Amino acid sequence: MYSFKNDYSEGAHPKILQGLIETNLVQEAGYGEDSFTLQAIDLIKEKMENTDVDIHLLSGGTQTNLTAISAFLRPHEAAIAPASGHIFVHETGAIEATGHKVVTIDTEDGKLTPAYIQQVLDEHTDEHMVKPKLVYISNSTEIGSIYQKSELQELKSFCANHNLLLFLDGARLGSALCADNNDLQLSDLPNLVDAFYIGGTKNGALLGEALVIVREDLKADFRYHIKQKGALLAKGRLLGIQFLELFRDDLFFELAEHANKMAGLLREGLQKENIEFLIDSPTNQIFPILPNERIQKLQKNYAFIVWSKFDAERSTIRLVTSWATKEEAVHQFLKDIKA
Amino acid sequence: MYSFKNDYSEGAHPKILQGLIETNLVQEAGYGEDSFTLQAIDLIKEKMENTDVDIHLLSGGTQTNLTAISAFLRPHEAAIAPASGHIFVHETGAIEATGHKVVTIDTEDGKLTPAYIQQVLDEHTDEHMVKPKLVYISNSTEIGSIYQKSELQELKSFCANHNLLLFLDGARLGSALCADNNDLQLSDLPNLVDAFYIGGTKNGALLGEALVIVREDLKADFRYHIKQKGALLAKGRLLGIQFLELFRDDLFFELAEHANKMAGLLREGLQKENIEFLIDSPTNQIFPILPNERIQKLQKNYAFIVWSKFDAERSTIRLVTSWATKEEAVHQFLKDIKA
Amino acid sequence: MYSFKNDYSEGAHPKILQGLIETNLVQEAGYGEDSFTLQAIDLIKEKMENTDVDIHLLSGGTQTNLTAISAFLRPHEAAIAPASGHIFVHETGAIEATGHKVVTIDTEDGKLTPAYIQQVLDEHTDEHMVKPKLVYISNSTEIGSIYQKSELQELKSFCANHNLLLFLDGARLGSALCADNNDLQLSDLPNLVDAFYIGGTKNGALLGEALVIVREDLKADFRYHIKQKGALLAKGRLLGIQFLELFRDDLFFELAEHANKMAGLLREGLQKENIEFLIDSPTNQIFPILPNERIQKLQKNYAFIVWSKFDAERSTIRLVTSWATKEEAVHQFLKDIKA
Amino acid sequence: MYSFKNDYSEGAHPKILQGLIETNLVQEAGYGEDSFTLQAIDLIKEKMENTDVDIHLLSGGTQTNLTAISAFLRPHEAAIAPASGHIFVHETGAIEATGHKVVTIDTEDGKLTPAYIQQVLDEHTDEHMVKPKLVYISNSTEIGSIYQKSELQELKSFCANHNLLLFLDGARLGSALCADNNDLQLSDLPNLVDAFYIGGTKNGALLGEALVIVREDLKADFRYHIKQKGALLAKGRLLGIQFLELFRDDLFFELAEHANKMAGLLREGLQKENIEFLIDSPTNQIFPILPNERIQKLQKNYAFIVWSKFDAERSTIRLVTSWATKEEAVHQFLKDIKA
């Protein structure tokens, strides 16, 4: 049984484990004030060619989303998200649990546009409704699509004009930045959003997300929020060491490229078999549409998620590749598809 | 510079890192449903000779406290804690952030008794005040003291009679259970409290606390709460593998014993120098009272916390030992004290 | 300028003011423990032929909804509501501010059915999503429609089978119970829902909603929740006296009948002019569709809300009548429509 | 049985009821946008000789405290209060329910000073603890004492220097401003605190507190918070009309003077009998110390609260007078004391 279920089925890239071993007995300060974390933060700033941002290392996506969004908003303010957004669908109401409504918009491709946001603003006109304040987007999105630079520029400009915060969930940012048709660079992001995070968990780390706060007025006292939400690890070094390894020699991008390459092989192989896709995704999640019968056969040897019913006879499945996906497993899968 | 600042200055016990390496490429389910976590849970139940409890693995103490306490209480219910309790002092209002007041009592030794709790109950008589519902205790306490079995029995009985929940913060449970005058066993705990956790972070793990829920009506839907609080790690295996290593061959107790032994050496060495202590602590935190001048000299070579002013010329310091404390460092410290 | 804007444009029915005056200098206990409140509660129980329910008097609809729903739910549980539901649209995220997500369903007529709820249950399958627990309905709904007894029976039975709570927002319950085609009686409600409230504010009181808690396990400690949410009036008598007046001689029903009668006159008069309606509403809110030009003319002499655009040339307006609506104003409005 | 239990045992001053009757059928806008509310706000601003403040009318003290404090604070910020403060003792954890810790200080007289606050600041040094941000004081205090102008000036200056907000709970502000040794005027308050409220409920209104927000950065979007907390009355006129009556001809001060006068008569009468007081209170709450036996006799004809045990034979009782207290009842009480 080989799993294409998600991008967190394995442990961590060996270099990361190696980093943990080598530093293991060095005594360090706790709670993210260790030298590894400080170095990792400096390194990421360097890679982004921006030393003005604040960076904090947290454990996971939901934790980062809830800590940041609740810190950024006042009680009456709400987040705007696509209806497919992770904060709306798959975080057990974590944002609402901090007191904030998530207002959603149905989209085709999991991406927001100024027009969509304008709709929400038009409907929220007075104090009997929440005040939409933070725009939540993901890159890559929950269905594998990515934002072009121009799209983010438009969003940024719209948000600035409407006094909205733009927050980017980068749980799969690596895969987005390494996609074939991507024209964004990591160093563009501080100019395009108010805050975002760089996902480690789904790109080769044991755990870890690097939250980047760009906007000045969102920075104050952020460590209080991390602590209050139970997100300040006593051994913060665990996060620092991993991000050091991920960015020291661009391992972060290397791993994302591998994941994308594996997804690309799958995509091309499936296309050769005239298999259609639910959405044209250039990242490490792809959504082929297969006859139910064939899906059942595949499930004997492969683990993956059946995403949605497509028609009476076909369903969409989700195949996810990762830094650890083996090329031979991909080839075998394609062989089995043909059979 | 050698640090006696805390018990989380180093990484993890080498066996734990070895466990991570050996299992690294095994594909596993996410979110704590991996086979390592399931095995670890079974193993801990076995060690506790109790298969009726529910066990969940979380990342850190504050996270475990806030997730459990907010899951256990209704909105108007409050926790009762000693004024020195971690949830009151050092969690940035994490419990209050979930909506619950922490009612405190000043104690001598960081421990609650039925008499103390009765005082709180006497003062909270109607719906204009919160309803005290959960009794929060720590073992070992924040100042190193421990509960005897009979003390917990009295608390348990009092709580049962007054419809109160008894919750034990075991961030340093290992040290407590391995203390010289301790008469508690891990297997006693499910009979003595309604929920508690076994601290891994401060006893040799990179991170990790095992929350044990004993009381039946506190178990339902607990994974929802973990997820909602951002505490469900995608790679839950990271916690499972560590607890497997900690409990497979009783490494957990071995490490705590080492920490206690090192603290014992320090304690005895200091006593020989006629140094007094703020409190008689049998665990891995000790609180000697030293002349300010001598403290300053020590600070050149050792990191530790100056806990409180004792009198015009003396202060209390906190020395913490851990699974990783080197015996030669202890001897050197004692030598330096004499000098 | 005459207002058909809402049902809270005037003060209170004169009998209610008279009640306040007559009792004004009687010294009474505070916080809802006065004799008037106790009498009012007994009287309402009597009218409902049910002495097992608990009744609490609160000030307004949003306050009642947020206090009840947050008291009834555990942190991970969510409310299910029609997308037109007041708690979702017009309460500034009050439910979310207490930590709970509101999951919505688009409906035609503002009413939920088992089939709609089943859809939500089908989509919420595990701990990565909130757990739907409370079904929120309004009667009459926000768009004037009402539930038939059989419809509530089906909902009740569905909820019981799926371990869901059924909560009815009765801000306009009077109008619903007095509608022409209504077959529900106040005394039916305790058998059909787990909790509901009887709206006073929109039916002749200065302020006041009577929350009726039917289900045994929702009753405990409810006064704590009222106090915690700032909803326990020091002079609770203000609520007690009003509900006494409303129910002593069935003034509550008399006032609702008047409101409905006035809406009926409007409806029939408009129908005679071949004016269509957005929805067939038998209660005190009606939604005629008028040419934009005519709307503008009417706005010179009448206040009302323009509800929505209907087509290029027409919009829907909302006309609301109340206990205080003057019949001559209705006739004048109909005359002006013709002109 | 005559009650000295509190200052909310009766309804409202007749002029207020008269105001309600006279305006009853005027159609007005809902939700505090009616002309009465607008006039009342203008009138209060005029009385304070300050048109820069924002004023909002709410229903009760707990509601006002929780709405204001939760609107003013970010999630990690806490309130500082005397241990006798209403928000700490008698609001069922309402502030904590909005996510904020209340840090308390034991005081002799229920009043805070810069020295007390400095203590709290000294203890809250980093992100492992909440950040104290808002100083909560009451005038008059919960035990009847009042602030002198110079005391508020010192607090204001200290708060300004330490980036703290100063919030004054004025549930009994009338009584404070009309006390014999008071040197504060209503018009001083906007210069001395960042926000405060003028209590109507305990000074002759049916319900109602006028929240005055002075500091510019606390004003934005405040109506959203009122609505979200369930505190925006549909018939906001009920509050507007009452405050119009209270301030039109200085009825507010007249009523407070009466209450104080009645308390003064009681105080002097008791002093003549050589009865001691727990605290020297110049306002409408006094705290005489009486033999338990005498208390029991008095309880046959008078309702009041037994505040605390004083010694083996004596207890302190609380006597509260109000706008409605009858002078003959006071004389009779004093007569009965002598007997």
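Lettered A, B, C and D in written order, each chain numbered from 1.
Just so it is clear, a contact is a pair of C-beta atoms (placed from the backbone, for glycine too) under 8 Å apart; a residue touches a chain by one contact, two chains touch by 3 or more.
For reference, the UniProt names are A, B, C, D = Low specificity L-threonine aldolase.
Since this is a predicted model, take the numbers as computed values, not measurements.
Using the mean of the Cα atoms as each chain's centre, the chain most removed from subunit A is D. Shared residue numbers account for over half of those found at the interface formed by subunit A and subunit B, and the copies are therefore classed as meeting with the same residues. The interface with the greater count of contacting C-beta pairs, when C-D is set against B-D, is C-D.
Note on chain placement: the centre of subunit A and the centre of subunit D lie 50 Å apart, centres being C-alpha means. If each chain is reduced to the centroid of its CA atoms, subunit C and subunit D end up 33 Å from each other.
Chain centres here are Cα averages; for subunit B and subunit D they lie 43 Å apart.
Residue positions of subunit B with contacts to 2 or more other chains are 75-76, 91-93, 97-99, 127-128, 130, 224, 227-228, 232. Residues of subunit D that touch subunit B in their complex: 75-76, 78, 89-93, 96-102, 127-130. On subunit A, the positions that touch subunit D within their shared complex are 31, 70-71, 74-76, 98-99, 127-128, 130-131, 221, 223-228, 232. Remark: subunit B residues 2-3, 5-6, 8-12, 14, 17, 20-21, 23-30, 59-67, 91-94, 97, 201-202, 206-207, 224, 227-235, 237-238, 303, 324 touch subunit A in the complex.
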